[in-house]
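Given below, in the form of structure tokens, are the structures.
One chain, subunit A, links the two complexes that follow: it is found with subunit B in the first and with subunit C in the second.
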Partner chain A sequence: MTAEITRINTAAESKLIELFGAAKGGVYSGASLDREAAFARFAKSGLPHRRIEAWHYTDLRSILRDAYAPTVAPTEDTVALARTRLAEMHVEGTRVVILDGYFQAELSSNLEQPGVSTRSLIDVLGGGPSGVIDRLAVSALEAQESVLSLNAAFMQGGAVVSVAPGAVVETPIELLFLTSGQRAGAVTTRSLVEVGSGASAIVVERHEALGSAPSQSNHALILSVYDKASLHHVTMSSGAEAATQTVASIIANLGADANLVSFALVTGFGFVRRQGFLTFNGAHAKGDLRGISLLDHQGHADTTLVVTHKATHCESRELFKHILDDEATGVFQGKVIVAPGAQKTDGKMMSRAIFLADGATMYNKPELEIFADDVVCGHGATAGFLNEEQLFYLRARGIPEKEAQALLLEAFAAEAIEGVGTDAIREVLTESVGRWLRQRQD
Partner chain B sequence: MLEIKNLHVEVEGKKILNGLNLTVNPGEVAAIMGPNGSGKSTLSYVIAGKDDYDVTDGEILIDGENILDKDPEERAAAGIFLAFQYPVEIPGVATMTFLKASLNAQRRARGESDMSTPDFMRVVREAAAKLEVDPDMLKRPLNVGFSGGEKKRMEILQMALLSPRYGILDETDSGLDIDALRIVAGGVNALRAENRGFLVITHYQRLLDYIKPDVVHIMSRGQIVKTGSADLALELEKNGYRDYVADAA
Partner chain C sequence: MPAVQETVDRVKEIDVSEYKYGFITDIESDKAPKGLSEDIVRFISAKKNEPEWLTEWRLGAYRRWLTMREPDWARVDYPPIDYQNLYYYSAPKGTAGPKTLADVDPELLRTYEKLGIPLREQEVLAGVQERRVAVDAVFDSVSVATTFKDELAKAGVIFCPISEAVHSHPELVKHYLGSVVPTTDNYFATLNSAVFSDGSFVYIPPGVRCPMELSTYFRINEQNTGQFERTLIIADKGSYVSYLEGCTAPKRDENQLHAAVVELVTLDDAEIKYSTVQNWYPGDAEGKGGIYNFVTKRGDCRGKNSKISWTQVETGSAITWKYPSCILRGDNSRGEFYSIAISNGRQQVDSGTKMIHLGKNTTSRIISKGISAGHSQNTYRGLVSAHRKADNARNFTNCDSLLIGEHCGAHTVPYIEAKTSSAQFEHEATTSKISEDQMFYCRQRGLSDEEATALIVNGFVRDVLQQLPMEFAVEAQKLIAISLEGSVG
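On to the complex of A and B.
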């Protein structure tokens, strides 16, 4: 006799069922993705929990105490708030503004420019083309990742950015995700960046809260980098410190001779789960995933990566740095899978963490699954305190302790920024790291 | 005046300094000589404020004020400078960045404003030229990949920039060839001044041919066992530490 194992919904799960029931047929109707089916998939497995290996250190099921209602579409007030902020920001190239999860053409700039075409997710889902809709669907992954099913069920908006084959777009394309932050809400977005054969582009994804109301976000970003194309992707967040809970998924597919650099800067004391799925589909491609997480208080940041080599002669690199203060927790899980026949794969991953307090914790879990014999794969992980000899040397020269720590930590972080985006982008990243370190000194 | 009174220091329960007494007057160059393991580096670290050591008794005074409760950075701002026996490598921190951070930190601690970048560049370049330090070295990470001699010259360059009241040189001569020794000694001599004292720790008479001490102390087993004039160093060079080590036993 087989016993049916029934799962008892948590408060947050029950709330999500209720919220989906209330929302369906409303603002989300008309799109070609089957939200009901997506939600049914989610409802079957529920929120991921620690008995699922990939979520072992980040038990979303117990972390998520409550589920917030989706943020409402922008109103006159929230648009005005966004405009005030945008007026302070300089814009050069394409800037897509997504406010509270909703694509805002009127707030965006240069959506069409030579070599770049940008549309709203909802428009694409409604009108195609079907190839793009298929790439947006990420159905294979969704079957394993209930947060992606949840994303499909609730997605409010997003951008579909297409860089034409052969186009060289030098000015970074900006994806600006603003939340009005006036009251608690959940933001769900899905976006796609396609870089056509031989094209090159830089995408900067910025998340900024304009108010400090708590938020829950579920973002999915799909990156398709075609043969001989190059994409640098940088994501960072700034703005009001709020009680935030973020799940961000990046799904990247690389063609032959393609090149991807993807960098994430995480700061603060919220909860962040970043998961990356990088697949090499063509030979001689390079993928470089990097990140710096600067966490304090009871912040929790989890980076979980699955890199799959399906083609020969590809190179994957992962370099993640954590600086953990107070009672913060960092998680790095990196899995490299080398499929049968993916010979001459060169894969390396490295995770380094520095503790600034006894209460901080780091979990490192590198994994290799290799089914080909002619490959070079390696991984390393370190976690520890700052070097006392170095600190003493700096202090003996008159540099106060926190400043000495900041000097060493900036140097520690800098390695992960090397070669990312443009000079200006690296400067912004370096400055952001510096700002976080300086606020520790006050 | 730098005064060390009845200093007792332990590491992990092991006694290293046993009631050491020593005075360095402004304008004076005092040499400390002593066999390996007698506690010379320990003394220099304890003066600079390294916290691996337990000071179980005694005082370290600058102009009558005990500095033992001060952090290393406070002692630096009060005018203590230690030229390390083994300068520490700091990957990722450009030498220039470090020099500027330390100079300005000390200025701020004294209530002065930061030095402007052009002024800073000028003083660094001048100091580097005097010590025959290649300006390109200043762009490299601090001490990383520097030769032994380059590291020591960099220590003296820092001392020149920071103009301390008391410079403690821990075996600055070790690992230097004769040319480097001359440059380093020249750098120290250039800093000799009425209001600045030096504690020059060395194994060998050789350095003292270039930096003429006013007084020589012999250290053994954590104590000063003999104090004399510069001639004492010459005598040691001939007879070794035998007599003094035996005395202390």
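On to the complex of A and C.
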């Protein structure tokens, strides 16, 4: 009845086409992943927009007004900048440094250590093994998510971290993503962390900008946690946050009896879209996704999760907290899918938001899609102001309002940090939350 | 094993394909030719002797409809509908404005008899007047009997077919029609605006508490007839009305399309309570046949302190696509939605509500209970939103799903949008099956599996049943048991 509407490319989309054309055969050649095909898929669907259900509240098509050119490979200057910063940082275990999207072996530490081996994404794509390349490709998901196609087309680098079966790696493995921030640019990375059967590891993903030039980044991280393995994954970012636009995808696959805890701290006033795809492939696995978003000014943070239970007896937990100040917007979308036959699934999802200012907005969309009867699944979502009575109680005891708020907010956020990583990591996270709250008071 | 055989027989007896209300009444009817075009729209309008503005209104909607696309976001699956292969107008013959019951075709009365009408509308129709339920019976597309009109008129209440209201109260109809659900609203509502056949019109004057519960009886009868009801209820300042809507439909092999529109308007301090029991033919065990129920229901709390409450018990239809909503425009207004949606066999339900908070201090409450059995899919889809100026908006949502059997699906898709910091929204949803412990407890006390299930389910939906008017509650409880029989054992 209605004619097929031809999509007109936005400025950003046209720019991406142009940039891809220019980059072809350049830095990206030699990889076994078909970037052309990936880009063709992207070009067909374009940037995701509000008509696409998973992007309903984050219209990337209109948010992304311009597309930046990919950042250039590190130069002497940027490497020197990174070195200065690294000198201030303490390192114990494996640290992988990815500067402006490019894997930097010489800046990294302990790439090989007992039970852990780390390679550059580009090396793996060039030389295999093919099984790893297949896991890096995430082709099934890419078909629905054009940002992943874009990621495949433009990826500059990343790390492939393998934890050997049975290895127990106690020191956190750090993935440090630095951007030099000297010139506007786009960073695209893809990384894979594989935790072999029975192994256990902690991965800390840290993003830091060394300058204040605007940046766009598209990160993809694939986590494969094999049978009886355990992985804690923590993401945090710090540094200049002025004009950052970030899309980060986490694709996690769990084997039988596997255990995953993944936590993300988002602060500031940039644009962040974090999407997580967690799939339970083996029975009796546990997955726990958490997050805290502390947003102010016109910050926009979107967390979208798709948790798919394909095996029986698995347990999924999601807990996300938003604290929204000024005119910030928080989005939480979480879909729990229980496939036919995934009996005895136990799923709980909770999203809580607290408003600190009148202009703030929160969109919650927790979803359940259940095709098996013997399950216990639930979700909850709340949004509101701080509890007046609690505030009153504290103020009656002489605590100034802002401080009282901070106390309550800290307690509100703390729940999501419980049980994540190590004591040291939890301390860092608690401190980051505290810093944000204090900065608010000033 | 006689016990097993008994169960088998019992299940067979109440198998969905043996739809209790499946029969066809033979009365001559007056039909427009198949298909849809501007001419058909004009034909319908002319048949009803409508004023020029309404004809234009319909045509406008029709032209708009041509540019629209059928929505595909709902979790329902059905073969494409050939809109040109439907009749858009069918009226039982010789019913041009019956004034008394004697004018009503006796065949119709027998139809009601066969239905075993729960509300005793049948008695009302037969002249038993002690029941205080007024019925505007809709048989296919034209209202054929309206009772209690005089008594209602004494109170100043207008309760008549909308086609009549167009002539008797044109200013009211013109002012309110399409003001809640505009002709451009959505595919099915727009289609309805173009071809709506008839429906009820209710106006409660200021300060009047409607002396009785109003009820409409829908029934799709003629083969291949889409039924396009249009209901408009206006509660003027300080008034109150409770409106009941109940449905059964005869058995068909071909799917029948039903795209109704219900518009409610409450002005200052007014309240409308709208209750529905929907039990249309759900199709046979393979999902063949059955009604497509694509309904747009919306209430507009236009005045201060006004209230709209939707209560629904959905057990029938092959496909249900229905989101009774409240626009909470007036300050301190309140919206409520209580729903039981039961799906069995191959039924597909995608239902929920929208609570749109615009005014200050508005509150809303959503209690939704979904029960899926057999091979059915049951989705709750709802929106709660508070706009910038909706200070102190409050919402509480609770949607629980119960799964019976391993081939069904239960889904929950809530959208919760808070754009003001003083909003307080709470949402909770759970999905589970009847626990073994509960079943064991009941069985131990000598209940059969089916009795135990019915008991537990009735407990599960109790919160909603309590909201129904007395007559409906009894009927609804029966319906729930009937709908679920055969799903266990």
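The definition used in the following text is that the second predicted complex is superposed on the first by the 438 of 442 C-alpha atoms of A that agree within 3 Å, B and C clash if a C-alpha of one lies under 4 Å from a C-alpha of the other, contacts with A are read in each partner's own complex, and residues count from 1 in each chain.
As a working rule, a residue touches a chain if its C-beta (ideal position, glycine included) is under 8 Å from a C-beta of that chain, and two chains touch if they have at least 3 such contacts.
Everything quoted here is computed from the prediction, not taken from an experiment.
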>> Quick check on the superposition: with subunit A as the shared anchor, is it clash or fit for subunit B versus subunit C?
In response: fit
> Of the two partner chains, subunit B (first) and subunit C (second), which one does A:395 touch, if any: first, second, both, or neither?
Replying inline: first
>> Taking the superposition on A as described, I'd like to know which of subunit B and subunit C A:412 touches: first, second, both or neither.
In response: first
>> One more residue to check, A:370. First (subunit B), second (subunit C), both or neither?
In response: second
> For A:355, is the partner it touches subunit B (first), subunit C (second), both, or none of the two (neither)?
Replying inline: second
> Between subunit B (first) and subunit C (second), which, if any, makes contact with A:403: first, second, both or neither?
Replying inline: first
>> I'd like to know which partner A:68 touches here: subunit B for first, subunit C for second, both or neither.
In response: neither
>> Looking at A:277, would you say it contacts subunit B, subunit C, both, or neither? Reply first, second, both or neither.
In response: neither
> subunit B or subunit C: which reaches more residues on subunit A?
Replying inline: C
> What is the contact status of A:320 with respect to subunit B (first) and subunit C (second): first, second, both, or neither?
Replying inline: neither
> Once both structures are aligned on chain A, how many angstrom separate the closest C-alpha atoms of subunit B and subunit C?
Replying inline: 14
>> So subunit A touches subunit B in one structure and subunit C in the other; where do those two contact lists coincide?
In response: none
> subunit A touches which residues of subunit B in the complex?
Replying inline: 48-52, 71-73, 75-77, 82, 84, 87-88, 90-93, 97-98, 101-102, 105-106, 109, 141, 158, 162
> Which bits of subunit A are touching subunit B when the two form their complex?
Replying inline: 388-390, 392-401, 403-404, 407-408, 410-412, 414-415
> In their shared complex, at which residues does subunit A touch subunit C?
Replying inline: 1-2, 53, 324, 340-341, 343, 353, 355-385
> Which residues of subunit C touch subunit A in their complex?
Replying inline: 66-69, 73, 401, 403-433
